[in-house]
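So that you can tell them apart, the chains are marked A, B, C, D and E in the order they are listed, and the count of residues begins at 1 in each.
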Amino acid sequence: MLAFAFYPSARAVYLSFFTSQGKFTLDNYKELFYFNLYGTIENTVILTVGALMIQLLLALGISSILVREFKGKRLVSTISIIPMGVATVVAAITFAFIFQTSGGYANTFLHYLGLSGINWYFNSYISLFIVMIADSWKNTPIMTLIILAGMYSIPRDLYYAAALDGAGPLRRFVHITLPNLKKFIAIALIIRGVSEFNIFALPLILIGYSPSILTTLAYSLYSTTTENLASAAAVIILIFVSVLIALNIKLGGKR
Amino acid sequence: SSHSSSKKVVINYYDDLAPSEAKVFDNYIIPQFEKEYPNITVDLHVESAGKMVGTIKALVEGGDVGSTVIAEDNMIIGELIYANDLMNLQPYMSSLPTSDLIPSMTHLMNYEQSVYHSVYFIPFRGNIPLVWYNESVMKEAGITSPPSNWSQLMTDAKLIYQKTGVGPIMFQGHGGASTSTELYQWMVQAGGNPFVFNDSGDVKAFTYLDQLSTYFNPDYIHGYWGNYKGLADGKYYILDYQWPYIYSTMKSEGINVSGIGFYPGPTGPVNNDHLVGGDVLAIPKGATHIHSLLLFIKFLLSYNVQRDIIMILGEPAVNSQAYNNLPSNISSLFKAEESAFQTAFFREPVPWISEWNNIADSAFVKIVEDHAPASQIPSILSSANQEMYTYLLTNYNSTVAQEYEQGYFAPLYG
Amino acid sequence: MRRNLLVYAGAIIFTLYFLVPLYILILIAFSPAKFTLESLYPPLYFKGFTLNNLVYAFTQYDFVHPFLKSFFVASLVGVIAILLGIPAGYGLSKLPGKIAYAFIVVLLITNMVPGLVVAIPISVEFIKLHLFDSIPGLALVQELVTLPLAVFILQGTFSAVPKEVEYQAKIDGASTLSYLTNVLIPIALPGIVAAFLISWMFSWDEFTYAVLLSPIHPTLPVEIYFNIQRGNELAAVAFSLVFTIPVIVLTVILQKYLKGEYLAGGVKY
Amino acid sequence: MIELKELVKSYGKKLVLNGISEKIETGEFFVILGPSGAGKSTMLKVIAGIEELDSGSIVVDGKDISRLPPEKRNLAMVFQNYALYPNMTVFDNIAFPLKMKGVSRDKIKEKVERVARLLGIQDLLKSNVTKISGGQQQRVAIARAIVREPSFYLLDEPLSNLDARTRFKARGELKRIQKELGGTFIYVTHDQKEAMSLADRVAVLHEGKFEQVGVPMELYEYPRTKWVGEFIGDFPMNFIPGDWLGAQGVEIGFRPEWVKLDGNDFRGTVSSMESVGEYTYLFLDVKDTKVIVKGSGQFDVGDEVSFSINKCRRFKDGFIVDQK
Amino acid sequence: MIELKELVKSYGKKLVLNGISEKIETGEFFVILGPSGAGKSTMLKVIAGIEELDSGSIVVDGKDISRLPPEKRNLAMVFQNYALYPNMTVFDNIAFPLKMKGVSRDKIKEKVERVARLLGIQDLLKSNVTKISGGQQQRVAIARAIVREPSFYLLDEPLSNLDARTRFKARGELKRIQKELGGTFIYVTHDQKEAMSLADRVAVLHEGKFEQVGVPMELYEYPRTKWVGEFIGDFPMNFIPGDWLGAQGVEIGFRPEWVKLDGNDFRGTVSSMESVGEYTYLFLDVKDTKVIVKGSGQFDVGDEVSFSINKCRRFKDGFIVDQK
């Protein structure tokens, strides 16, 4: 079981240091630089961090609403998990239709408002932003579930105590909600962050290979004859995921 | 084969088809064969050209090929030959109707003989990407016929842009095989050898595209071989190089295609040659029921099927017989293909084509998307050449790398 | 009162955010091409209605087999996840929380190597084992990624069962096995269902391995992807909508099992 | 002075506070006593402003605070589970209300340290609040309440999480602190013993009303209703029909201590016993009625015991007839 | 008869049980009393076989059970939180041990119903255990323990989750059940009052040892150590230097009840008070020592009070000198 689990990573690391003829080499990594590895890493980091932040903010917002009692709460909470049932590919198609520069629904909306349409692929930041939005739509629900569980676990008394101590709603959020959600935020970020770094189908459909991110780069390198190059890209991803999680544990774990 | 021959044979037939094309195979072409040979069934598996390589490699290495025939892109097939995953068909040539091949395809087979001294694949279909355009907008701009050469294209694009404010040209800038295929065509027309990246023709082509990109539609960054939407909804007016199958796709979606025109495209400064994206047939090593497979290949090359390819799919056939007595109402789409076919070339099926694609993409991004200064174009292309060279040195050997450097690998003319 | 207004305003905004894309999917699926692909500014409401796209999808394409394949693979992934996850989760729940947690995180990370680098070697092995392109084969590989998460969820739910209950069962004469079957598993059932559902949904959605390891008989996402890439896009949209709705309904019905507590793996505040 | 005027509060259909009025003097230790679920916490929450009142008002020193949000009411509350901020150190917990007020850093440090010394937790200031003992946590909670010098204090069963010995000590300390501060304490508990030992006055909350308000001794000696009589005291008050003593139409209530054993009025059989220190409480069956009496010496289940009643109160329709 | 022989158990470096030996008679109600963290639960766990002993042995009716797994020891245990199986009905909970033994269905039904009647929960059998009150849950837990007729019972603070009045009732019931069954109960609690009122004999667990084992009255009257004297009783025993009474080299211990007020031996100032029923406990400062005495009547903080000691025990080096 364990062997099965660790085999892929071990093999990737091993292959990344060899030529297709089995000679040791660092060329695979060198070649990555030709394909703008720095830019790709930058894009990947922007995408990952951005998407996680958007999801976290949305999840905090929705959870803050859903911890309260109000009429229609059940309906809202039901609606808020709907995207979980939508396959990523389907979500990607939908957002591709929304953010098409030509014939996109977002531009139609702007058109209704009397604004001119936006070229959603004008530069790599906007492109990445669109991927973030689409990804957040699909994945905020899972984040919300975790954050909401966290919010329910904070005793109401803490809020009462803080109110009596003179803290208004905003300061209660900053001083009570956020610090006590730390562990839940950490878990949510790990679970989401790991898959966020490996996000593949969504950018492939929405933006293709440009701007490139690590997974699409690895995929385009995979189509070449040797696996070694793709392995090198995969190892880079692995390193990043590990760093991300280590950081997360360090920040979220200490109390 | 360990199976008893009286049992029904199931042929696994891999092909890279658009759904509209797959439908024709599944509902029309294959049933004809099955009717003729009641003991054989054919299962069509649609897989993209790149993925098919992985699948076949795995099947061969795993020793469970079964009775399998593949129709693979004429470029990508090189990867399988190089990996030694294909069966040598030389012994069976006598039973295959290759004598009827059209001249350009015969040439492809000659090339095969001279390089591999054997037969690993047999030409099956030809296919040439076309340029598509919005007829009414052209007319409104006072352009009566589509641009006939590169400078005309630049002029017309500018005119339309000034009139409408819309970047009229859609280019396949998405990356991957579609972008590099287009680039290959442009470089050849400018007189370059695309594989080497940095001869004067290659530089000319990239310089021209960089200038032309002023009139690209912003969406070009996502243009790939599935794109036509903007043409349908009027977001852009000229769709540069797209395979013919999109025509039937658009029709099936209910798009009004009456105002959409197409032609083989503008002539380049050096030549008017058109890239043939053809598919070839091959049998993976270790396949079983060779006899049945050969029957199927023979069937696919037969007059009837080849004729269907022209008449139904609107693509050029490889069997010269199929062209005899074509009805006069044959689709305009085929006519355009046929005219492009008059001056056609193949890309040499090198096994490192995917890596070449990646490097070409990357050059395209630097020069056209990121608008590197024109003065840097030669050096960007030199480093592309250098990168390809290093790759060949690392992953193949110095002979291949040297041959590459000397322009040994080049477009093939029919 | 003012606070409530804010809550409602927020609720409405989020509701819109979640529903609008779905609405647009419906709009595309059931509108004629004239109001979607053929218009530069496609209308935001139904100007025309057609079932053509749907009819086309069902008559011209074979989406049903991919759908069934996805369904069986996902169900198998769910079943394997809990079959392996229950003993693993039980074992880990007996370790101190920190160690168990670290273990799972490591497992989670190492499985995040993109599937494509192992696709060919795995394919080769699978062909030898006759698992290539098969339902169990794909399920097994997807397990690489789902299992850690399932174990995490199960470990969490198991740890939430007071250890006194286990002691009590022992004293009452139960063996470990009968404790598991008679007491622990029934108590942890909601968590087990959650683990199953999460695994199921993951597989239902999984793309990379499905593309690489099940090329001949593709799963639904792969088939849909292929069709929007070069087929009748509208038919693909119509089809994906039709098969998305039951999954949404299922998600909604089973939402009580999709609780954050399970996902958080028994993390306590 | 705090005036509670006709406080009414319900949750949905459940009426929890049904018109409560009372005046609490400045400097008073006022205890609200009631069984679990009586609405004690609800009462404190409406006073604090955490829950909204349905009707009624709360007037503090002449100012109606009933419509102010909690952060504007200038009162402090100590919760049953202390509600310490687990993400902060002891120091930061105590400092929090001052920080919210915008008090300067130096001033905060000075005040926190003074209060910490008062409560004997000056050595814990840097500790994590989740890692100190229950008794210490309770002191931190009190320190946090005291530090801002509020106009009065609300305490919701602050001792119920402590073990017996610590509770015993904390009780004394709480009383001392209250006297030292001269603060007004409104203290809630369901433990009648705690109420009796701490309070200047006790209010017994039952069915949404203050069933009796008085000094502890009064509650013990003259419970206004049968219910209070049963609720107050280590053992409930005994009730027997009045005609056993020749009084018609009333019930007679008496405490286990108010009897003399070996008196001749009644006889009963010991059904069980409990020893408390040197005494033994005997559970007797007397003419089909259970009666608890206090004795000393050796008894056994089944023994016949005779006793007479020294002191008793008469009750009619559940209400006391005798007055002090 | 259960013989505990030199039980030793530590967790890591922490020695929890440090050589405990005792004989518990069949049919005895044996209470182990100790403050929180003393190792009471650990003790029950090693007897039940849930935790392994480091050394020592447990012999039941002549048979050494120390190496048997829990399921073979034929004993029943009731946990503090009852550890009911939340997935089962009341019936199934009670039936579970019988099912594990492979008893036939009819037999199970018969036995469960009999036990349920004994405990007055026959009407709840079909209910979900999570939806019944704490007191009812406790009875289910006891029923489950009783149903298998084990050789003895272990009870880990089974009453501590109940509220005061319910606890009061449950105490009596528990005692009655034990007498009816004639079972051997080993009962753990940190509540000295509960221990005193239930036990035939009480063992006081302190620092890994039984500091004293005896009948309740003995513990109250003759605490073997100062620590026991302080731990037992509603109020701790008072200790004063022996030379105040002219006895050299010893300490004098006396309980608040063992004094006569207005006696002439000592005087002190009232620092605070607690009233319990009709009595008042006075906290006095006497020559820099705190002394608690029991009085009745009206007192005020600051009053001067004089008293004399009626009864006392002498302690040397923390151990009692006087014998019964």
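Quick notes on this structure:
In this text, contacts are C-beta pairs under 8 Å (C-beta built on N, C-alpha and C of every residue); 3 or more make two chains touch, one makes a residue touch a chain.
Since we're looking at a predicted model, the values are computed, not measured.
Each step here moves to a touching chain, and the least such steps from chain A to chain C number 1.
Contacts with chain B and chain E are shared by C.
The highest number of C-beta contact pairs joins the chains A-C. Of all chains, the one whose mean C-alpha position sits at the greatest distance from that of chain A is E. Between chain A and chain B, the centres computed from C-alpha atoms are 36 Å apart.
Chain A and chain D have Cα centroids separated by 53 Å.
In chain D, 86 are the positions where the chain touches two or more neighbouring chains simultaneously. Residues of chain C in contact with at least two other chains: 37, 39-40, 42, 119-120, 228, 233, 269.
Across the assembly, chain B contributes 224, 229, 233, 235 as residues in contact with two or more other chains. Interface note: chains touch in the pairs A-B, A-C, A-D, B-C, C-E, D-E.
Of all the residues in chain A, the ones that touch chain B in their complex are 19-21, 25, 27, 31, 34-36, 100-103, 119, 121-122, 127, 207-210, 212, 220-221, 223-226. Taken together, the chain A residues at the contact with chain D in this complex read 155, 157-158, 160-168, 171, 175-176, 179-180, 182, 255.
Interface residues of chain B facing chain C in the complex, by the touch rule stated above, are 12, 18-20, 23, 45-48, 51-52, 54-55, 57-59, 61-64, 224-226, 229, 232-235, 245, 249, 252-256. Interface of chain C with chain A (complex): residues 3-4, 7-8, 10-11, 14-15, 17-19, 21-22, 24-25, 27-28, 36-37, 39-44, 84, 105, 107-121, 144, 147-149, 201, 204-205, 207-208, 220-221, 224-225, 228, 233, 236-237, 240-241, 244, 247-252, 255, 258-261, 263-265, 267-269.
Of all the residues in chain E, the ones that touch chain C in their complex are 45, 48-50, 69-71, 73, 75-77, 79-81, 83-88, 96-97, 100-101, 144, 148.
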